[in-house]
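Next come two complexes, and both contain chain A; in the first it sits with chain B, in the second with chain C.
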Partner chain A sequence: MNKEQYQNLVKRKTPKENRLMNSIVAFFFGGFLGMLAEGVMQLIRHIFNLSILDATVWMMIIFIFVACLLTALGVFDKLVNIFKSSLIIPITGFAHSVTSAALDYKQDGLIQGVGSNCFKLAGSVILYGVVAAFVLVIIGVLIWQV
Partner chain B sequence: MASIIFKNVYLNDAVSIVGPYEQKGEIKYLNGINDFYDSEKTFEDAEIKMQKSVLDQILFKNNLNSNNIDLVVGGDLMNQITATSYNIRNYPISFLGIYSACASFVESIIIASNMLETRFFKKGIVLTSSHNLTSEKQFRFPVEYGCLRPKRSTFTATGAVSALISNEISQIKVESATIGKVIDYGIKDVFNMGAVMAPAAASTIANHLKELKRDINYYDLVLTGDLGEVGKNILKEFLEINYQIKLKNHIDAGMQIYAPDQETYAGASGPVALPLVLFNKILKQKKYKKILVVGTGSLHSPVMCNQKHTIPAIAHAISLEVIS
Partner chain C sequence: MTYLYAFLYVGLLCLIAQIIIDNTNLSFGHVTSMFVVLGAILGFFDIYDKIIELAGAGASLPITSFGNLLYHAGLDGYLSNGVLGIFQNLLTTTSAGISATIIFAFIMTLIFKPKD
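On to the complex of A and B.
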């Protein structure tokens, strides 16, 4: 049996993932999370009489805090198992990735441990986020200003 | 030739300890820890503590101390086989540290058996451990990240096992062994360890039977390490197609440890999975007389996987005979 035939055998014997079901779950709960965020934002806006921009920032701070807290309490990973990517894609997932990496290295010291490892997963989001923003802004300027 | 027949090597005793998940599983164990820290500060310390506890217990149970033991052979999954080396530093015993991932336990027995067969060594201890979260951290994602795992993935078992091996006759004889070759069938998927290791297991089983001129039916049971559900099915078909060997009485240790509702998917993995099932289930059942134990190890390194290399695997086999 050569390597290609083996790949076929492996493919045949490997169970299929429920991608459609996972996507549907992620879609609905992700949407629900967005709705919740909007609700929280509107609530803050009316209670504290803030502008939409300020209220959005506060809402994000709350969501980031809750995500970090749930990660630290060891609950977030269990929720991810139920709600799939709906919790990973939004800003909650970003917060979670930083906290979970930091937790892993807390015993390795503040510099060599937490400091150098807490962006282990989130680092690529930041790097490519900045690069993408840079490129898109240039494209935007070229299209609308020239 | 990669097979050896032993005349005077026996497994005298074994002690195991398991983690929280394993205790909720299918097999009953005498010792267990209730959380992954086991009142230590780090997971690494917890793994070292588990190993220390099985080593102390096996010495105590058999009225031995460090001076009576000529050799310890062992290894674990951590980088630089940390758990084993850091554990053994507390004992004045000669030590050989080995690594062949989840085949480490069988490799340890092969090395120790060879030493004992020379009669220069009288008593040896083989030692292995794994910890779900130390390996998760090292090979995959941060512990609390809880990355979604596909159905083909296996779950590293938490626990430690020590076994006393000597020339003194006991019920379990280490009869022969086959040293495996590193096999790479071009799998790159780090979640599909069963597919990575199945060809290595097949190659070692076939080699063992060929070199010792035995039929597969010579054995009452073939016990593989941690192929999991996917690997087990692949191995069966792979052996039939490539070596014309029909595997009948085959148990995969990885599939025996957890209960179906534990969401561990394809089964348990880790060097400790095989000895846990061997000593706590298979040998206790007293059902099988001749057992071929095949430890399977995926020799992957996260660095090489990131650099797009395929994953090599190895399998070592020992044949155990239960003397009644």
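On to the complex of A and C.
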């Protein structure tokens, strides 16, 4: 069997993912999470009598906590297989990437394992967020202030 | 109405992300980085504030809000203390998310063992 035949075989045997279904699931569950976020925020706001801004931050902390807990229990990866990107794009994905990286490298010790690797995946988000924000502030200042 | 807009906004972002992941070789890391930059750009054009007005807390949930918060914190820093203010202020509003993530992730790492 030569290389080309082998590649054809691999192509044929690889299970085809249903892209349309993936997109629909991602859209509806992502939307559900958005509604849930608003609901949780309103609930916190009314129970503890907080401002919208404070209640929003509490809501995010709760979502982060739940995502970290589910990741540590090993459930999050299974949920991602079902609900696809709808769990990665919200802040839960950020929490998941930090927790999973920290857990994966726990065996290498607290400093060289957990400490050095916990931002292995989430680092790119912070890096490009900070760089983009900084550059845009400079651009904005140059356009509007000078 | 806020619930409907929250549904549409988060759903639409997840839909775009899923389409990108299914049809290109990009990973989740690429997409989330792109979305943070997208959030900063939407903040730059004052579009994100309107999205928050419509979608409420739903607009704060996706990773795009991270970029928006970074941009606005940097801009506020510049207005209060010049270029030095950008450096002093850039990470202030996102601090809650980052701190919570680090602290909960560390506690979970101490308590739980990695699965398989």
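FYI, the second predicted complex is superposed on the first by the 120 of 146 C-alpha atoms of A that agree within 3 Å, B and C clash if a C-alpha of one lies under 4 Å from a C-alpha of the other, contacts with A are read in each partner's own complex, and residues count from 1 in each chain.
The definition used in the following text is that contacts are C-beta pairs under 8 Å (C-beta built on N, C-alpha and C of every residue); 3 or more make two chains touch, one makes a residue touch a chain.
Fair warning: this is a prediction, and the values are worked out from it, not measured in the lab.
Colleague: Specify the partner with more touching residues on chain A, choosing between chain B and chain C.
Modeller: If we count touched residues of chain A for both partners, the winner is C.
Colleague: Have a look at where A:Leu121 lands relative to chain B and chain C in the superposition and call it first, second, both or neither.
Modeller: Once the two structures are laid over each other on A, A:Leu121 reaches both partners.
Colleague: When the two structures are overlaid on chain A, which partner does A:Leu9 contact: first (chain B), second (chain C), both, or neither?
Modeller: first
Colleague: Applying the touch criterion given at the start, work out whether A:Asp104 contacts chain B, chain C, both or neither, answering first, second, both or neither.
Modeller: both
Colleague: Looking at A:Lys84, would you say it contacts chain B, chain C, both, or neither? Reply first, second, both or neither.
Modeller: It touches chain B and chain C both.
Colleague: Quick one: is A:Phe76 in contact with chain B, with chain C, with both, or with neither? Answer first, second, both or neither.
Modeller: Only chain B; A:Phe76 stays clear of chain C.
Colleague: After overlaying the two complexes on chain A, where does the chain B footprint on chain A coincide with the chain C footprint?
Modeller: The answer is residues 17, 22, 71-72, 74, 84-85, 97, 99, 103-104, 107, 121 of chain A.
Colleague: Under the touch definition given earlier, write down the residues of chain B that touch chain A in their complex.
Modeller: 41-42, 137, 141-148, 150-152, 185-187, 192, 195, 199, 229-230, 233-234, 237-238, 241-242, 263
Colleague: Where on chain A is chain B touching in the complex?
Modeller: Within the complex, chain A touches chain B at residues 1, 3, 6-7, 9-10, 13-17, 22, 71-72, 74, 76-78, 80-81, 84-85, 96-97, 99-101, 103-104, 107, 120-121.
Colleague: Which chain C residues qualify as touching chain A in the complex?
Modeller: These residues of chain C touch chain A: 2-3, 6-15, 17-19, 21-23, 28-29, 31-33, 35-37, 39-41, 43-44, 55-58, 60-63, 65-67, 70-71, 73-75, 77-78, 86, 90-91, 94, 96-98, 100-102, 104-109, 111-116.
Colleague: Would you pull the chain A residues touching chain C in the complex into a rising list?
Modeller: Contact set of chain A toward chain C: 17, 19, 22-23, 26-35, 37-42, 52, 55-57, 59-61, 63-65, 68-69, 71-74, 84-86, 88-91, 93-95, 97-99, 102-104, 106-107, 114, 118, 121-122, 124-126, 128-130, 132-134, 136-141.
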